Every structure is written in C-alpha cells, then in structure tokens.
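Everything below concerns the one structure shown next.
Naming follows writing order (A, B, C, D, E and F), and every chain is counted from residue 1.
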Amino acid sequence: MKIVTFGEIMMRLAPFRNERFSQAATLEMTYGGGEANVAVSLAYFGHDVWFVTRLPKNPLGNDALETIQKYGINTGYIQRGGSRLGIYFLEHGASIRPSRVTYDRAHSAISDAEPGSFDWDQIFSGKDWLHITGITPALSSNCAALSLEAVERAKKLGLNVSCDLNYRKKLWSREEARKTMSRLVEWVDVIIANEEDASDVFGIKAEDSDITSGKLSVEGYASVARQLRDYCSADLVAITLRESISASDNNWSALLYNGNQVFNSCKYPIHIIDRVGGGDSFSAGLIHGLTNAWESQKCLDFAVAASALKQTIQGDFNLVSEKEVLSVMGGDISGRVQR
Amino acid sequence: MKIVTFGEIMMRLAPFRNERFSQAATLEMTYGGGEANVAVSLAYFGHDVWFVTRLPKNPLGNDALETIQKYGINTGYIQRGGSRLGIYFLEHGASIRPSRVTYDRAHSAISDAEPGSFDWDQIFSGKDWLHITGITPALSSNCAALSLEAVERAKKLGLNVSCDLNYRKKLWSREEARKTMSRLVEWVDVIIANEEDASDVFGIKAEDSDITSGKLSVEGYASVARQLRDYCSADLVAITLRESISASDNNWSALLYNGNQVFNSCKYPIHIIDRVGGGDSFSAGLIHGLTNAWESQKCLDFAVAASALKQTIQGDFNLVSEKEVLSVMGGDISGRVQR
Amino acid sequence: MKIVTFGEIMMRLAPFRNERFSQAATLEMTYGGGEANVAVSLAYFGHDVWFVTRLPKNPLGNDALETIQKYGINTGYIQRGGSRLGIYFLEHGASIRPSRVTYDRAHSAISDAEPGSFDWDQIFSGKDWLHITGITPALSSNCAALSLEAVERAKKLGLNVSCDLNYRKKLWSREEARKTMSRLVEWVDVIIANEEDASDVFGIKAEDSDITSGKLSVEGYASVARQLRDYCSADLVAITLRESISASDNNWSALLYNGNQVFNSCKYPIHIIDRVGGGDSFSAGLIHGLTNAWESQKCLDFAVAASALKQTIQGDFNLVSEKEVLSVMGGDISGRVQR
Amino acid sequence: MKIVTFGEIMMRLAPFRNERFSQAATLEMTYGGGEANVAVSLAYFGHDVWFVTRLPKNPLGNDALETIQKYGINTGYIQRGGSRLGIYFLEHGASIRPSRVTYDRAHSAISDAEPGSFDWDQIFSGKDWLHITGITPALSSNCAALSLEAVERAKKLGLNVSCDLNYRKKLWSREEARKTMSRLVEWVDVIIANEEDASDVFGIKAEDSDITSGKLSVEGYASVARQLRDYCSADLVAITLRESISASDNNWSALLYNGNQVFNSCKYPIHIIDRVGGGDSFSAGLIHGLTNAWESQKCLDFAVAASALKQTIQGDFNLVSEKEVLSVMGGDISGRVQR
Amino acid sequence: MKIVTFGEIMMRLAPFRNERFSQAATLEMTYGGGEANVAVSLAYFGHDVWFVTRLPKNPLGNDALETIQKYGINTGYIQRGGSRLGIYFLEHGASIRPSRVTYDRAHSAISDAEPGSFDWDQIFSGKDWLHITGITPALSSNCAALSLEAVERAKKLGLNVSCDLNYRKKLWSREEARKTMSRLVEWVDVIIANEEDASDVFGIKAEDSDITSGKLSVEGYASVARQLRDYCSADLVAITLRESISASDNNWSALLYNGNQVFNSCKYPIHIIDRVGGGDSFSAGLIHGLTNAWESQKCLDFAVAASALKQTIQGDFNLVSEKEVLSVMGGDISGRVQR
Amino acid sequence: MKIVTFGEIMMRLAPFRNERFSQAATLEMTYGGGEANVAVSLAYFGHDVWFVTRLPKNPLGNDALETIQKYGINTGYIQRGGSRLGIYFLEHGASIRPSRVTYDRAHSAISDAEPGSFDWDQIFSGKDWLHITGITPALSSNCAALSLEAVERAKKLGLNVSCDLNYRKKLWSREEARKTMSRLVEWVDVIIANEEDASDVFGIKAEDSDITSGKLSVEGYASVARQLRDYCSADLVAITLRESISASDNNWSALLYNGNQVFNSCKYPIHIIDRVGGGDSFSAGLIHGLTNAWESQKCLDFAVAASALKQTIQGDFNLVSEKEVLSVMGGDISGRVQR
C-alpha cells in the first residue's frame, strides 16, 4: 500500500540511564514525532511510505532527513527551509517518577510553513492512505491550515484518512483543540484516541474511570467510542487503554468500534523500556491491518501487539517486523531467547 | 530556614549497568555522603544550607567542593587540608544479588580533623537547624569528638538538632556506636532511624519482625519508636521501614512518633534505580516539613514521598523539587509522561 | 578438584541498553560459550580448571585467550590455529520482546579442528572431571568426533563425566542431535538438561507442561528425569526449570534425580539482567557440590542458587564466589546493601 | 575584585570524537557563551563574579543555572522567565576540516528580555568591573538596548568596562554591528578584539595579512590597535592573533596597546583540544592582570598563557588556576607529568 | 548522473580511542567497504547511485541495508541470501604504531554469490557509470567471475567503467591478482591506483621511491602512470600518493595521466582521524569531476581535496558535500570555526 | 627466562578525552605500577614472569589480581591482606598542559606489609632475574626494608638484578631516596634511569642540559652514565632521554653504557597517546634483550623501540609483541595500515 503521513519530526534529546538533566553530561540523540513514527513502523511492515514535512537546510535538518531515509521512507515531498529543527527533551522517569518532556519546537521549519506551500495533488497522486495526528495542527495556525488542506484534499482524492487525536496540553488549550479538530475530523475515516483524548478534545467523558489511579473501565470506553464515532462521523474508532501502574510497568490494551460491534483486545502487562510512540505504533498496526483487509478483531489484535512491543524498544520508532508482531499476537510473550 | 549539616562527602565510584568490578572498565564518578545528601535535598526544597566538612587541597577535593556548590549549598565553612578524600566503591546489585559497598574512607581529610578545629559559634550563628548522622562520629575518634562538640554547641545556641542514627557495621562495632551515640543523642531533638538502627545501636528490638525476610511489623516498630524516644529524651522519633523484596524492588514506608501519637505513612512499592541515600532524603523531607511547621502527618507523608522518589534517581542526591514531592504525595504515582 | 571442560569460546557482541542492532552504534564485546562458562564459574568456586579449545592466531584469538586467563583458568591445552574465531550476536530482549541470538560461528577454529588433534591422554592425566555440552558436537562433524573421543577417553581414564544436553536448533536438527548424543551419553555419569532438551534431543516428553505459556509441571519433569536416566544409563539427572514470565522476569528452579529419589529445589523469582549462561552456571554449581561430596539436596540447592545469581549478572560468566551463593542459598535474597 | 559579566549562556551540544552530526548517536552536553566563559575563568582566578542573564523556568534553565553555580559564580541577579534556552550545536573539526557551529539561539530567554528589565543600579552597586562582548547586542534589538543600558550605567557608576568585539556573522550584518557597537564602545575602557573583529565591525584593516592563509603580520596589527583605540576612545586595546595552521594546530599570541606602547606576547604553538572560548579566556586573563594592577607586559603575558591553556581543555570554560597559568607563562610548556 | 558500484559492504568493528583489542570492552560498529564507500560519497555529491551486493537475511544484513539507505543510495538491486555478513576488525594505530586490520569476510553472502546470479542488463539499464575495485574479485572465484561479468557487460552497454586496483595481500597473492585483474582491466576506462598497487598487481615499478620511508618520487609515479595506462589500454590513470610520516600524520597528493599530460595535485598535510576509505573517496571525487566534464586538473584537485577531507572523518564513508570539498580545494585548510 | 618483579600495582583512575576532574562524570579504570608494568611487558615478550605484591581481600584487590592473571603472569606469590588498594588519579594533559598525577596510595596493602613477610628463598628458587624500581622502597619504611631484603637475597641466590631508579618527588625527599637507594644499588647489576633520576637520587648532574626546555645533551648523559656506573658498581647503566616538546609530542631515545662503550639509540618522534609507563617498557625491553644475550646495541635499540611503541598505547601496560617491536626497530614507523 502507498501511505502518506504529514507532520513534524524532531530531534529527541534524552539523558541516559534514567538520569535527570541536572545529572547528565551526555544525551542520546534520536529523532521522532507522531506521524514520522507511524511512517517508520509502516515501512517496517513493508509498505511504501512517504513522510511529508519541512526541514531546515542545516546539519540537523540533514540528519533528520537521513534518519527517515534509513528506515526506507520516501522523502521526495519533504521541503527544505525555515529557521530551525524542532527539539524535544525527554527525561526518562522510573517507578513512581514520571517521564518529563520539555518541548522546544516553536518556530520550527514546519511550524513556519505557509498554507498552500505543499502541492497536495501531486503528493496524494496514486496514494491509498493519509495519516495525521492532532499534534500537527497544534503546532501553529499555519500548521492547522495545512492539516486541514491535507485531510480535505486527501479525502476528495479518494484516500482513506486516519487521525490520532493525540491531545498535547503543552501545545494548545482544549478550546483551541476542539475548534480545529472538529473541522479536521470531518474528513477522517478512522479515529484513533487514547483514554484521555476524547475528553480533552471533545469533552466526551469515560464514566467510571480514574486515569491517574491506573484503573480503566472497558465498558466506559466502549461508550466513549460510540460517542466519538457519532461526533466525528467516522467509520472506525479505536481507543488505546493504558493502565499506568508506574513509569516502569503498564498494562496495555485497546478497543475498536466499527458502528456495529465493540472489539476488545487482550491486555499486555509491559515492563516499559520506552513508552513514547506507543500510540503511534498502534496507529501503524491498525493501518497495516486495515490496508490488508483483515477482520476487525485481527486488526485490533495486531495493533495492540505491535504497540505493546514498541514499549520494549528504545526511542520513538517501532522497529519490529510483521513477523515479530504476529508472534506476540500468537501468544509468545515469554521472552525466551531465540537461538 | 538556615540549616547546617556536618559530615563527610566522598567520591562515589560505581560500575555501570549492574556490572561487578571484575567486569568494569569504566566507573561512574559522583559524590555523596549522609549529611551532604541531606544538604542537597534541603537546598532543592529552597532552604539556605551550609555543609561543613574538611576537604583535601587537591583536584579531588576541588571537585567535591564544586559538586556541593553546584546544588546551591553554602561552602564558606568548609576547611581545606588533610591528606585524602574519602572514597566509596559501589557495586549495584540486582534482583536477588545485593549491592556491595567497599569503603575506602580511612585517613580522609575529615577523619583526621582535630577536635576544636571548627569554630562552631561562628558556624551556628544565625542558623536554625543542625543535622548530623551516626556515620560522622563513626569515622574516627576525632570525628566523634567533633560531632559531640557540634551537637552540644548547636543545642546550646538554640538550634534544633536532628540525628539519623545510621549504623554502619563496617565502620564501628555496636558497642562503640552505643557508647558514643548515647552521649550524642542527649543533644538531639529529632531522632531518625531505619528499621535496624535502634537495635544495632541501642539494643532496642522490634518484636515480630524479620528483616532479611522483607516483612516488617508496623506495630512492632511503634513500640521501638516509643522506646527510642524515651532512651534519647527526644521530641520526635521517625523510623523508616524498608521491605526489601529484592535489590530491584522494595516497599517503603515510615512512622513518626511525637510522644502522643504514632503516625503511619502509606507504603510505596518502588522499582529501585538507586536506593543509596534513601534514608537521607527522608531526613531532608522531614526537616523540610518541621521547619515549615506542617502537621505531623503531613511532615511524615512528605518525607516518605520524597524518599520514595529518591530511590528512582541515580546517585546519592535527591534531585527533586518540593512540587514533585507534593505531586507524589497527592497520589500521582502512575508515572505518566508529562507533555 | 582438577576439572576439564571442552568446547568453544566465542566473541559475544551485543548492543547496549536493550537496543536492537538497527539502533546500535556501539557493541559490548565480551566472551562466552557453554563449556567456557562452566570453567569460569568453577574457577571462581576455587577449582583447578582447564579449558580445552582451539583459537585462531590473530588479535581476536589472543583476546579470547586473555579473557580465559583473567579468570584463573589453565590454558595449557588450548591449540592455536584455524581461520577465525566464532562470534555470536546477542540482542537483549525486554518484557514481551525475546532476546535474539544470531550465530556466526561456522568455520571457527574449533569447528575445523581435526579428530585426533587433541592428546586426550595428556589432557586428562591427573584430572578428576570432564564437562561437555551438547553444543560442541553440534558445531561440526569434526567436533562431534572430537567430543566422542573426549568423553570415551575421559571415562576410560576414570574421570567423572558430565554433559549438559543443551540442544541448539540453529546448529543442528533434532535427528542429528539424537544420533550423536545417543552415542555420547553412553560415557556420561551426570546428565543435565533444561525443560526442553530431553524432548528435543531424545523425544522424551514432559506431560502436562506448556513451555511457551511459562507454566511447568514439576511432576511431569520428575517423569522426564527418570526416563532420561534410563535412556542414558547415567547416575544422576538434573533438570533446570525456567518459567519465562517475560524476557525481564523468570522463575527459576530445578530438580535432581539419583535413581532413588527426586529432589526439588525452591523456586527463585528473578528480575533478569542476563539470562544467557544460566544453565551453564547450574552445571558448575552442581559439579561443585558433587566434587565436594555434598548431599544431593545441598548439591541441587547450591546449583540453583548459583544459577539464579548468574541471571543477575551481565555476560555469559557467573562471576560469583561460593560464599555469595551460600548466602543466597541460606535465604538472603532481599538484596540489602552490604555496608 | 567584584566583577560582573552580562550575556547569554547556551546549552552546547557536540558530537564526540570529531564525529559529524550525521554519525552521532550521542551528544556531549555542556554550557557556554562568551560572557559566562569570562565569568568562570575569573572565578577560577579567585574573583567574586556575578553573571547576569535570563534563563527559562524549565529543567534546561535549571541545569544552566547549576552549571554556573558549580564554578562558584554568584547567580543572584539572574532572572527566570522567557520561553527557551539558547542552544548551539558544535561539530568539532580536525586537521583541514573546520569546526562547524549551528546556532539555535533565536527566541531565547535573554533575547526576549525587555529593555529596562534589569536593575543595573542594584547590580553594579559595590562592583568594580563590567565585562561584555559584541555577541550580546547581536542577539536581538532588546539585547542591544540592554547592553547599551548596562555599559552606560556601569561607566557612570564608576566601574571599569571591558568589551570583546567578538563579531559573529551568523548573528548580524557588519552594518548592524557597526551601528550598535559604535555606540557601545563609547563607554568602554578596554577593547579586546581578535585579528578579524576590527575589520568586520569598524572596517579597520590590518595591512599585509591574509587570515585564511594562517599568516599574520604583527606590525599590521599594531596599526590596527592604534586605529581601534582612537576610534573607541579607549584606554587599552588588546588584539589576539590566531594563526590557524589547521583545525588541530594553531599558533596563538596577542598584543596590547596602551596609547604609548605596543606590547607583544610570545607565540604558543598549540595542539588544539577545543578552541572555542579562546578569546574569552584571554579577556579573563587580561582583566585578572588589570585588576591586580600588574604591568602591561605581565597582563598581556598572563592573558595569552591563560588562553593558550584554554585551548587544551574541552568545553567553553577555562578551568585553570592562576598558578597553572603562571607556570606556563614562566616557560613550562613541555607537558611533563607532575608526579 | 546514474552510477552503479558493485562489491561488498562489511560490518566494521573497532575499539575506541586507539585501544588494542586486548583493552577494549566496547566496539564501534559501523559499515564500510571499497565500492560502498564510493557509493556513499557520490550520493553526498548529489548523484543517483545504486550499490549492488548480496546481504544475508538476518539482523546484521538488515542493518547493513539500512546504513546504505540512510545515505540515500538505491538498494533495489541488492540480493538477500547467503550465510553471513563479512566483518572486518580494525585496530586504530597511532604515531609509530600501525593500524591493524583483521578480515573476517570469508564465506560472506557476496563471496558465495553464484556467477550469473545478477541480472546485469537490468542493473545497467539507463545507467552512466560503473565503478568497481580490485577487492571484489579477490573475495572468491565466484566474485572474480561476477566482477568480470559486470565490467564486460557494463562496457558493452556503453557505461563508463572505473576500477581502483586496491591490492589486498591478505585476500590473494600477487599472482592471482595479476591473472584476474589483467582480464578485468580490459573493460576499464579509468584506472585508479595507490603508490603500491601498480607494482603489486602488475609488477610495474616506481623507480626512486621507498614507500616505508614515507618518501615518494612524483617523477617515478608519472612513469608508473604511463606504463599502467599502456598495460591496461585505459583512457585515464590516476595514482594517489600517500607519504606516511606516521599513523597520525600523512601527506596526501595524487597525479592524473590522460595519455597526453601528467597533472599533479598540491600536497595536503593531514592529521589523520581515520585513513581507511581515503582511496575510495578519491575515486568518488574523480568520478564526480569526470561526470561533470571538468577539466583534468580540476578533476584531480577535487578528488585530492575530497580524499584529504575524508581522512579527517571517522569511519569508511566520506560524509562531505561538494561545497565543503570546493572550499578546501580553494585553499581554506586553516580549520577556522564557521560561526 | 624466569623473571620476578616486586612492587605495587594500583588502580588507575583517569577522566576520558583530556578532561579535567572537574569535568568528568566517568573515569577509566585500569591498573598499573612500575614493576607490574615491567612484568606485563615481559610476559608479552614470552617470558615466565612472577609479580610479587600484597593485595587487599576485597573486590578491588580481586580485580587487580585478575588483571595480572589476564596478561599471563604468575600470581602464586602474591599475598592477600592489608586494608586498601593503592590508587592513582591521572588527568591526561594535552599540548602545553601537563598531565597531573594525584597519588592516593598511602596505607596500601603492600605499604603496610611487614619486613620478613615474604619468603624470598622460595620466591627466587629457580628464577633468573629480579627487577625492582625506586618506587617500591619509597612507599614506606616497611617497603624500603622489603626491597633491600629482596635485592640482597636475589643477588646472593645468583639472580641478575635490575633496578630503575624512578625517583618520585611526591613520595619521598631526595635525601631519603639517596639514603635508601645507595644501599639498594649495591646488589644491582643493571641500573636504569631517566634523564632526571641520577641527579635527583644521587646528585649526579648532566651538564649542558635543560630538561624543562625539552633539549638534552647526549654527551652530557654519557658522562652521567659513567658516573652512575661507578657510583653503583653496576655492570650496565641505561638512561632514557625524553625531550618533551609538549604533552602531546615527545622525542624519545636512550643510551647504554657497559663500562667500555656508550651506545646511543636513534631518536623517535612520538605523538603521545599515553606516556605513563614509558620507562617501565624500556626496562622490560632491555631485560628481554639481555636475557636473550643480544649484543648491546641491539638490546638498546629493542628497548627504545619497545618504549616508543608503549607511548602510543593507552594505559600503563605495553601490550605489544616482540614481533611488533622488531618491526619498529627495523625502521617501519610509517604507521601504514596492515591489511
């Protein structure tokens, strides 16, 4: 399948070994960002993927570009220009101490991109799917306009469109999010959300659930899924459900609602290596299943297994093959050495 | 508040990644020591802190000094002289393998400091609180004399005095400890101990408790607290309670006894990053609460939350803010990413 | 005791911090291999140990040799020659993601060693024990012949012979394994196997057990032990039982059958640092007990405690002393800091 | 002496071992910036130093602050606020490959500071010296205004004022620089420049000199010094002279002109470890000499020796003592081990 | 231009910081190999490049593939199969100590590739240039056959063909090299050699030159170039001239002979960061110039400047842009910081 | 040959990459010490070597022991006991900045060893050579007594005895050194010294030489050699001559005087990787030549080449083979890659 994702890729700088910034003399430099993460995972599953963004003409922009190339993603629609590369600083938490993200992405190349500066008709020509998240429109009013351009154009050109709501409170207010995302979801076929997004963005509440306590009500979220599908006029709604026992241990599951039936996944207990990008890897897994025309339960199970695996891998990217996901999905979660 | 702590700061040398010394080619160099740890934590909570010690005039002494300065601690009373900096070698355990400390602190600058060589009147002038631990008097007979000088002088000058018993069997015998500490606690207002110290130092037993099995009796320790308060004629006694499930997982709680009432904290399950300095961070948290004149339960809860957080942080120092402790204390222990 | 082990030592190359190869810029270089691992552990327990192999005359062969020397093993019978050193690449798994071994050991110096090229009479002169595993005969037909030479000669010269079945599906088929191992075990006194080997090599099944689910039936394995002892005409059979909850957490136990009685060990819950070499450290612990003529239960308990400890240590080698194993065996698994 | 410096401190991120960004997986995180570098060096020479800047209220701002504290600098006048910390990315060159700096300092906290937002009267009360560079006014029009405020107020309050012209072509044009710096130097007593600044900023040319060829004419620069002193109505002009043989090897010297006489230093051949901050360490050395009222030749010799030493040290900061500088100045440049 | 290179890419494993293998606990893992190095450099100069090889289907083969992708090289003709990835171990020398390469490339995937297994007609369709080196035919008789197939087919299809003689004495004897290379050069337009290759491969001697002494006679090599051109019936012959003063310092130059005139480059003194791949970067530079139809002197100067720059960069690959080469070629070798 | 060396092995802790301690977060941990360095080098040259010392019974003592074992040295006479392992902290200089050693070796296990506690008759039984340096007697009066015991006993038992004067001003005064060393050299056959030792220890002056300037007079040192031989009644005197151009670049040569003739070596220009242990590697090279009964010039040339090579290697130990030294000695100092 030919899949396009549009958004920002940032340099990610993180101290090693659960250090705080105050202790670090050395930072791990990798790259990541919602839509780029989805692109990498889909490329690993064997798809033809294009990542669309804007990168500055400097050594950091070059490095970001090479990272995308490395994973086999097409970069032909990436623009070069603007003044800086977005950065995010990540302090890995542990146990009862949360991970801490410090964004330094204002004024990034993509944030400053002008509406109308991407030739969507060319970009979407011959493509099957567009994926976007709620992060891109949150970057700037320019990016909100570009995101709206993209989804509308993609939909009209016959692509399937998926969107992960991905609310980021450090980027915009709930009011701003609701205003923009309400327009954006009009063009979206598949809505993906985590257990908080529906409430944050659209005020749709999960009853009987206390997120900070780590307990989630599957039933409550089924009701959220139904409300969300109605609100967005979408075909499909998927909700990932994270029970955060601590920064080190989470339970991970999801549900999928297709208008007729709510499908529930099994729940994976995960000892976390890196939870950033978990939701993105779910999106990639779901898109993989849908483009393969798998049955709904299989789509969901694959997406949950893929995203459970992601959280055992350093960095934003889910560097796993379809075969590895299928193995986990088939029940092999014992971690035995393969030799 | 203006707080003084007195003791030794050592270079701490530890292999990375749970390696044993036999495997290590590289060591992590940090600094730590009971009273220095308390000083750093109190500085992070916003207090004016002075750390008093003696450091050699060599590059290692300079480096120790700069480490203290980094965290905003006043160093004006630190003497320079002596022949060497104390060192401790730390091999991080994991799971059923214990961490292993090899002390190399004999003949350190502070160990060889002469009684009478610190001008306590000047040091304590205008200060509110002195904190010391049972490690300092264990270093040498000189240090025992200096410790006794310090607590007596501080008490007479009207400072509050707190002492963490902190028995170290590799430094002195139980008999030596009892002899010296019995004199020292006469001048102490707040006694802090872990679940073993009362027994080791003063022979006060916790009934119904088997420490190596990892199970502790809260009731038994309440009785220990009462005996300890009587023995020391102290105002307050706090006891930290560690249930060591393994080197990787502990449960952590504490109790506080003010003569009228025993207060119990909640119990935190902790996936350990570094448990060294846990008791010190409890002392700092308790002093912070007491100097803020918080109610006893809040003082205890803050101290336990602070020291639980510490154990998720590399190194001896508890590099957390009051705000972060209050968040844990308020129940947010799910480790969700803040972004 | 004077103990000989014969086999291959490989360079082991592994990314750090649970990275996949695709992420790694740096590899940890250590050395390991079944019989070398046993040799190191026995040397740490105080025995006189000879490791017999063939190493290439190049910097990597030299480095392997120095690694063996470092741990106090006699290297006098190691031959130099051949074209390359065997290598294995290890990707550390985490949580539900399995560790992944990529062997690159074909054409190694020992694989290409000619039958008859070792002077077994000289090697075994004055020695008490030979240990070998099912990996060595799997390397090549030459190595199969050498292994058969070795066990037969050792047995005839009066040494005790132990063999860990250690089936490696990436090295040979079950049919090949059965054919060779059936001849080899004729000369073996002590058979060691994990919960899968008996089935893989000899088709002996453990009833009521599902290995990928992580659950094991102790009773089933007692029956396996009895069948295995009969099949091999051995004195003793020991079976290690790993319950893989995930790549990060395992339960570990074993049983021992001496023809009269089945002895069962306690079960250790282990947070895994490195599980490679777990079985080898069990073999070393068992040989240590047997050469000390300890009672069967003690032999088993020591071997299980030793191998539980191993899994908390980086690398293939079990760098622990007898004293440390006895401490764990005595029940101290709380991981308290020793200071 | 009580010395104030005003400017920006940035996070400095650099690949290790001469890597290009395209190769790096890990970055060294340190801090630096012209006036902060001068502050650190002066603190190492024993002065009371205040560094004045504005830092964001986030973990990176905290870390920058702790770095300044570490070296014993007073931070009481540092404001907290603004949106981000300035960053600069440094790729270390080698041999014929130049080092490459990518600035990412736009919109930094200090860049966005409002004119009038620092209370200069309080800051300069009781102080002896202000040092500033041409980088600070280049950051933004706000910073230009703040810089002019600072020098004027300092001069009027009786402080000595020094300024390092430090032209940065990536920050502003020559025209902009000339316009602002012409006003700023009115209040300056001591002008410091490198072999290019006088030309870049004020169009004052060194005849007979070709900088990219690495050859410099001492005579030509004496004429530059004279023109510069006249242009700026300064008391003293110092010019550092770098002969760049390659990124790895430089010759380093300077001259000083006091209106009567041109003093020339010896020339140090330097194998470069890190040349960034070389000019700043010269400024610090010169200020140290001048505040000690040393003779001109000694001031110059100390400043040159100090800055030669700097270039053998990693990072922006010149972490050397007065004693070490005096030793080099005394001719001991043989690098013999001290033991 | 559309350029194809054919050969082997290996994993390169090297200790850090000039360590010997006996000292290393950690290895730097990168990738390299003659024709892959040329491909990367040409891609950095902006060409459309295809690298043709065979890689095993395992994590190491995947990683090699991603490395090639990262630098923007087309990988569509790379076959997957075979049993292992070639490896080379590199110990970096320093000063008078030579670097030491230990090849472990026997039985690699490309070595075992069958003659006839690449569809050269498809590969060369629409391409302009083929580059190969004398290493590929040295790998195995299969590779010799494949190399001959490739050059013959390329030439017949109208591509320009260049070949770097690159004699490796650890791979084959001089006699074997002469026999195969004599046939191969029949199809080659551009011959590239270092100061030893002509003698090693074809017995063509440079008079008046002693290579181990580090002194080279330009005149002697002009005569070598002439003999070589005649022997090979080539259009162009280029010879790189390395004066090895030590492992740390080399002088680097080259000459080019077009049948009419010998062109000489300037000589660069280089402080070596990594000299591996120096010759390959020269080939890439030369091909870049020739495909741009630059004049002979400019082609040579560009190739020498490019390869001088390479030796200041870690790893096999010359990660520099055309602009950077032109800057060095224009005389800017002073290594000044760009900021 | 069977060779014994007696002295102290220390842990060596050094920051990486020319960092000062103030910058280091990580230290390189290796081991070294004069006589241990000689032992390792001789073992690498193929001799049977025994290193005699005393090591504490703790993890650090174990690690030191394993390091010695690794290099194939016999450890059967090493005693275990005492309170600590000696440490030295090394800050690597660069260019004009000297390396800085901070000793922390007081109260080490060997320093506290009792005179008479080594059974020299057993140790020297069947041995051919004893090597010692002037560092061991400088450690403590106990060590001075042990050193005198050793040389006297060795000489009387017919061993050849060599001694490197190795004056360390941080360990004892010149007067103390002269007193003890005058007695010790009575039993010594071969005296080794650097260009300063003769003067420091015995007041024997090299005329016309200024060591800090880096210039040495060969003639002057010939006169020193003659005086030294007379003073010590030795057979042979060797003097190493270091011209320190900077911490990064040295010239290295030596002379040998046998009573009849002064032999001079060539002079090696060295780009320094690590100069510590240079003199020790010279001693090892000389002993190697002498035990092989090579001619004087060859002995000297080998020793100089060996010690020149050492200075290109990290750490105290000269990890080079006889073959590598012979290659350098044969004139191959061009550092060409061997492949």
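One rule holds in what follows: a contact is a pair of C-beta atoms (placed from the backbone, for glycine too) under 8 Å apart; a residue touches a chain by one contact, two chains touch by 3 or more.
Note that this is a predicted model, so its numbers are computed, not measured.
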| item | value |
| --- | --- |
| Set of chains whose contacts include both chain D and chain C | A, B, E, F |
| Angle, in degrees to the nearest 5, of the Cα rotation that carries chain C onto chain E | 180 |
| Label of the chain whose CA centroid is most distant from the centroid of chain C | D |
| Centre-of-Cα separation between chain F and chain B, whole angstrom | 45 |
| Chain B residues counted as touching two or more neighbouring chains | 17, 20, 22, 25-26, 66, 100 |
| Touching residues on chain A, where the partner in the complex is chain D | 13, 20-22, 24-30, 58-60, 62-63, 66, 83-85, 87, 89, 91, 100, 102, 104, 106-107 |
| Chain D - residues contacting chain E, complex | 17-20, 22-23, 93-101, 103, 168-170, 211-214, 244-249, 275-276 |
| Footprint of chain E on chain A - complex, ascending | 66-67, 69-72 |
| Chain F partner contacts - residues on chain D that touch it in the complex | 16-17, 268-273, 308-309, 311-315, 319-320, 324, 328, 331-339 |
